[in-house]
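I've put the structures underneath this note.
Shared chain: chain A. Partners: chain B in the first complex, chain C in the second.
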Partner chain A sequence: MGDLAAALIAVGEAIIKNKQYLTDLDSAIGDGDHGLNMARGFEAVVVKLKTGTMIQEVGAIMKLVGMTLISTVGGASGPLYGTAFLRAAVPSAGKEVIDGQTALLMFQAAIKGIKDRGKASRGEKTMLDALEPAQDAFQKTFEAGKSLPECLHAACDAAQQGIEFTKTIIATKGRASYLGERSLGHQDPGATSSFIMLQALTQFCDGSKEAV
Partner chain B sequence: MVGIVLVSHHVKIAEGIKELAAQMAMPDLKIIAAGGLEDGSIGTDALRISEAVREAQTDAGVVILADLGSAVMSSETALEFLDEEVRRNVKIADAPIVEGAVAAVVQASIGGTVDEVLAAAEGARDLHKC
Partner chain C sequence: MKKIMNVPEQVVEEMLEGMVAAHPQYVKRLPGFDVLVRAGGATEKVALVSGGGSGHEPAHGGFVGKGMLDGAVAGAVFTSPTPDQIYEAIKAVNGGKGVLLVIKNYTGDVLNFEMAAELAEADGIQLDKVIVDDDVAVENSTWTTGRRGIAGTLFVHKLAGAKAETGGNLAEVKGVAAKVIANVRSMGMALAPCTVPAAGKPSFVLDENEMEIGMGIHGEPGTHREAIRSADEIVMHLLDKIFADMPVQSGEEVAVLVNGLGGTPLMELYVANRKVAEILAAKGIQVAKTFVGNYMTSLEMAGLSVSVLKLDEELKSLLLAPADTPAWVQF
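Showing the complex of A and B:
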């Protein structure tokens, strides 16, 4: 596997590095297992990507990541992120390089998957509050004719603002919804893990001259 | 007979409910527990659940009972891994897992259809205890 596997390993390592941070965020408003669950899932992903056979096809790599997350994360983020990767495998099937157009389609398919699976929408203090603005920013930047790394930077900035936004709203989905108004002031752990993944991907692309 | 799949975050909860419900079951009723992750940690695993559904599968279909949060989401994900003709006859019950499992097992044991077993499980939501 080439650059994509390396990029996804970087994403996985960023999640693993932030295990405690994500767990602390989740302990404040949830059941405190988000970091632990995500790190367990991505440890399995990293092992598979490092020891995997020479898969070059983007769709197959996305499927491998999705299936691994689905069976190892354990919490709701498993089926959510797992479905996101599985759905992203559809527009990238048969491709060996991801261009801007494919990346946009993958991003859109992934977020649609998360919405379908979680029956959630923006404004409910979930990962979608980081991901949807990120997708919009990505699309706008892409349509303005910018490069893939520039699109990723725009997405990343939007996701970060999305995290800030989650501090100002009450959770109505997931475990945090039990807290009602007490969830105010806290940033959403799922939005944060989404941002961490986007940020790692963006940093990887900055360091690599070619597109993943 | 309709097969029953029990999905819990904890392997012991799924196994325990299986034992409890089996007391009310016909001997050849398939009740499959899909609790926890492969390594025994707390959580739900869509692949384990889809395997359990295949194991519970009969011509009559399968009803899944699930506990909290991601158990339902993982069960819904598991359905996507099944063939269309299998999936058509698999239902996820919107029911409390213990009471729903017992009600479902009783209905399945007397030869209920998948919709009847589903209704029996979901009827457990209205059971008053005191």
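Showing the complex of A and C:
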């Protein structure tokens, strides 16, 4: 495994590093396990990517990550993020390098997977409030002829605005929805973990200065 | 955090080993999975599988046995089990007459059980599911994911399990489960939070004179907080909410579950039940059977929930049917 595995290891390490932060955000409006669950899943992902065989094919790596998250995370995040990675494996099957066009298709497939599985849409105080604006920004930047790292920067900025937006809305999906108006003012943990993953990917690309 | 454990990562594993060691006549573990199934193996009847996060003991493994569940899947503490674990449970208990999944309405549980159901259906296993949503604390508005499933789930296990034991087919067993869900309401309150072992600190903080009303079974915050009141006032409030949602008329018959959340002495649960019985008697409601104890706990959380199940003849006979499991024995 090459750059993609290294990038995903960086993503995993960012989640593990933010375990307590995500858990604290979740304690305020959910049941306080988002960071614990995500870290447990990505610890397993990092081990598999570091010790795995030399898989080069992007689709196979995405599938490996998706299956690992599904079988280790639990909660709502496991099926949602796991489905996202599995769906992203479809447009990247057979490829060894991710170009801008493939990245966009993977991003779109992943988000569609989350929406299908979670039956959620934007504006319900979930990870989609970070991911959908990020996808839009990515697509716009890509269509303007920019490079993959530039697209990622735009996506990352949009995701950050997205998590700020989640403070202003009432949760209607997931455990935070049981709180109703008490969820106002709190930042959504799922949107935050999505942002952390995008940010780690963007920083990795800045460091490597190459396509993933 | 002060807990009797070795390392936080091992609590679920070691708890399951301890349960099997304590109840070998009832349960065995599926090797390599966090799943308890009946010690005698799959039988030729509709099988019931439930489960959820750990930390709710004796739910769910404590209710595996004759007249109740066939398999219980244990997730990480307060985290729904993953689809591969649920899938293994389904395969292990399937005796050829179909499997009913009893799921509590929590987003994570629903998603993971649905994924497991897709895997099992692809294998050709006859399968159906019910989603329990007995908690009236949550606003019944059109924009929520609906009400949570809490301790009333025990009645679904008990009555649908009894129906399966009498040889009912999958549609009939599901029918009983659905009827129980339509007729059971619960609501809880907490005096003190609990600490998830891997988190190491309480999931919320209550002042000495505060209580949390309507919180879920994972320590997630409730609908509101207020100054602590007397046992009678607490019970009146919980029953008011329950009856506002599901009116019960004089002359009708119910079953009652006063469920401890893990950190409340039986003395206090019985004090609460005294008021439950008094209120029901004043309304002219008959009580077919009352259960008081720790059935679906939240680690060491102090507090309780009250569940009321409205009965008809069928539900009453299934309620009174025998059960023989580690945590529910009835002749």
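In this section, the second predicted complex is superposed on the first by the 212 of 212 C-alpha atoms of A that agree within 3 Å, B and C clash if a C-alpha of one lies under 4 Å from a C-alpha of the other, contacts with A are read in each partner's own complex, and residues count from 1 in each chain.
In this section, a residue touches a chain if its C-beta (ideal position, glycine included) is under 8 Å from a C-beta of that chain, and two chains touch if they have at least 3 such contacts.
Fair warning: this is a prediction, and the values are worked out from it, not measured in the lab.
On the superposed chain A, the two partners chain B and chain C do not both fit; they clash.
Of the two partner chains placed around the shared chain by superposition, chain B and chain C are both touched by A:Leu80.
Once the two structures are superposed, chain B and chain C can be ranked by residues of chain A touched, with C on top.
Contacts of A:Ser121 after superposition: neither chain B nor chain C is touched.
When the two structures are aligned on the shared chain, A:Gln101 is found in touch with neither chain B nor chain C. Looking at the shared chain after the overlay, A:Ser147 reaches neither chain B nor chain C. Look at A:Lys173: by the touch rule set out above, it reaches chain C but stays clear of chain B. According to the touch criterion, the shared surface of chain A, contacted by chain B in one complex and chain C in the other, consists of residues 33, 37, 40, 70-80, 117-118, 174-175. Interface of chain B with chain A (complex): residues 9, 37-38, 41-48, 69-70, 73-74, 76-77. Every residue of chain A that touches chain B in the complex is listed here, in rising order: 33, 37, 40, 67, 70-80, 82-83, 117-118, 174-175. Across the complex, chain A meets chain C through its residues 23, 27-33, 36-37, 40, 70-80, 117-118, 172-175, 177-180, 182. Against chain A, the residues of chain C that register as touching in their complex are 53, 75-85, 106-108, 111-112, 114-115, 137-139, 141, 143-145, 148, 196, 198-199, 203-204, 216, 218-221, 223-224.
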